[in-house]
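Here the chain labels run A, B, C and D in written order, and each chain numbers its own residues starting at 1.
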Amino acid sequence: MGITLDQAETAIKAAKVKALEINTLMNIAVVDAGANLVAFVRMDGAWLGSADISQKKARTARYFDMPTGELGKLSQPGGPLFNIEHANGGLITFPGGLPIKNSAGEVIGAIGVSGSSVENDHTVAQAGVDAIS
Amino acid sequence: MGITLDQAETAIKAAKVKALEINTLMNIAVVDAGANLVAFVRMDGAWLGSADISQKKARTARYFDMPTGELGKLSQPGGPLFNIEHANGGLITFPGGLPIKNSAGEVIGAIGVSGSSVENDHTVAQAGVDAIS
Amino acid sequence: MGITLDQAETAIKAAKVKALEINTLMNIAVVDAGANLVAFVRMDGAWLGSADISQKKARTARYFDMPTGELGKLSQPGGPLFNIEHANGGLITFPGGLPIKNSAGEVIGAIGVSGSSVENDHTVAQAGVDAIS
Amino acid sequence: MGITLDQAETAIKAAKVKALEINTLMNIAVVDAGANLVAFVRMDGAWLGSADISQKKARTARYFDMPTGELGKLSQPGGPLFNIEHANGGLITFPGGLPIKNSAGEVIGAIGVSGSSVENDHTVAQAGVDAIS
């Protein structure tokens, strides 16, 4: 099923370090290759509503093997995938979700981060990805 | 309820051939006249998130007896059916879903395809429809 | 992600043959190691309500890596897992769902069958499993 | 909202140690005083279906400030809370969920464990509670 709990915890730890470094409080979720939750943390004081968003970002990134923000460019009014967010029990298509690949380039899971601006969410997610690449 | 499993499998087989021909990996769903699932396949390596989308496209096409993309033109901001996607547990209104009619012109079911660009999704869905017309 | 579409279609084909042999009409679903749908068919005239049940049986069998009927023995009133069916968006815990393993004994997916008595459902599911073992 | 992420991670770490000690693979969830998820881990190879169950156990334990197994005694056929599991989007009322209290005796959160027998689930949850008491 791809990513291990050890890898997921390594990614989350790095993401937390980055979150503190840029002075944010985040919810961080990691799913495996089957889009099933492997690990999750909500930093003290982080938005409650972001717990679900971070998990949906992680799942969305694995569902379509791309950064969530890429999907969001296509789901705007007039865009080819308008309102795709209604599928799969709710997708989140703004930045903060990233696929995680192994050294062979295969997707082994995904990380989703929510709790600040989408730029910050993306930055923290990237730190998680980088930690296990 | 219209379409038979034999017809559905014929449509899916033709859709798979077309998908490979245009170098894509698709999720393909067929529903009957009652909008209930008859057959479904996910090609190896196709997006996980497209399983639900292909089924929603098929259902949407039968719910309103029109190509999903036609509905999508009407559901845009300012349009007459803005955000119709909230109905029926989630509709998908971009291209890739097509009604299937019998020789008398009656709708007997619908096909939904998801896994690539909406143009490709539509092309593969059309191949499925053509195979049983 | 374990099972391939080829394997899933082989299992479904064998299950259909068995279903006809014992004079039943079935819904048959196969999920992969991540509990995501790979393939599904509803035989002409099979119960509409069994489409969802067959999928839930397949997912349940993979969620807990055991035949669904085994879980059902534990979820009865007074049993240790009473009302476990409320988890995961709805589990089905009577017979008809079976894990599918590879030659190394690893679970690569599951099959779920619904449309007749639970004994028949189980028999048809087993035929699907046997076809790819 | 009571429990901190540090405390939750301490509880989860102790629960994982206990899980390995008794030769089990667990899903472990911790919620805060608001019944919102704080931290979650799924050990490699643990049942996929137990991810949701562990979270529902934790929420159930906080919703009613009692061990989930106590609620289960009341929700049996003929009992005063028969089928309470239908509330709150699905409760789990067999053992494995425990409230977490501070030194003043106030409930600050709850832990839910799923992946083995309910006795083992309870044992691992208790180890989590003990680690932060």
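The criterion applied here is as follows: a contact is a pair of C-beta atoms (placed from the backbone, for glycine too) under 8 Å apart; a residue touches a chain by one contact, two chains touch by 3 or more.
Being a predicted model, the structure only gives us computed values, none of them experimental.
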Check: Over half of the interface residue numbers used by both chain B and chain C, so same, or under half, so different?
Finding: same
Margin query: Going by more than half of the contact pairs matching by residue number, which of A-C, A-B or B-C reproduces the interface of A-D?
Written below: B-C
Note to self: Counting only Cα atoms for the centres, state how far chain B is from chain C in Å.
What the structure shows: 25
Check: How many Å are there between the centre of chain C and the centre of chain D, using C-alpha atoms for each centre?
Finding: 29
Checklist line | Of all residues in chain C, the ones touching two or more other chains | finding: 34-36
Next item on the list: With chains as vertices and touches as edges, which is it: line, ring, star, complete or other?
Entry: other
Notebook entry, point to check: Okay, what are all the chain pairs that touch?
Noted result: A-B, A-C, A-D, B-C, C-D
Note to self: So in the complex, the part of chain C that touches chain B is made up of which residues?
What the structure shows: 4-6, 8-9, 34, 36-44, 48, 51
Checklist line | Touching residues (chain side chain C, partner chain D) in the complex | finding: 34-35, 59-60, 62-65, 77-78, 80-84, 86-89, 91
Next item on the list: Can you check the complex and tell me which residues of chain D touch chain C?
Entry: 47-50, 52-53, 56, 72, 75-77, 83, 85-86, 90-95, 117-118
Item checked: Parts of chain C lying in touch with chain A, wherever the complex brings them together -> 1, 32-36
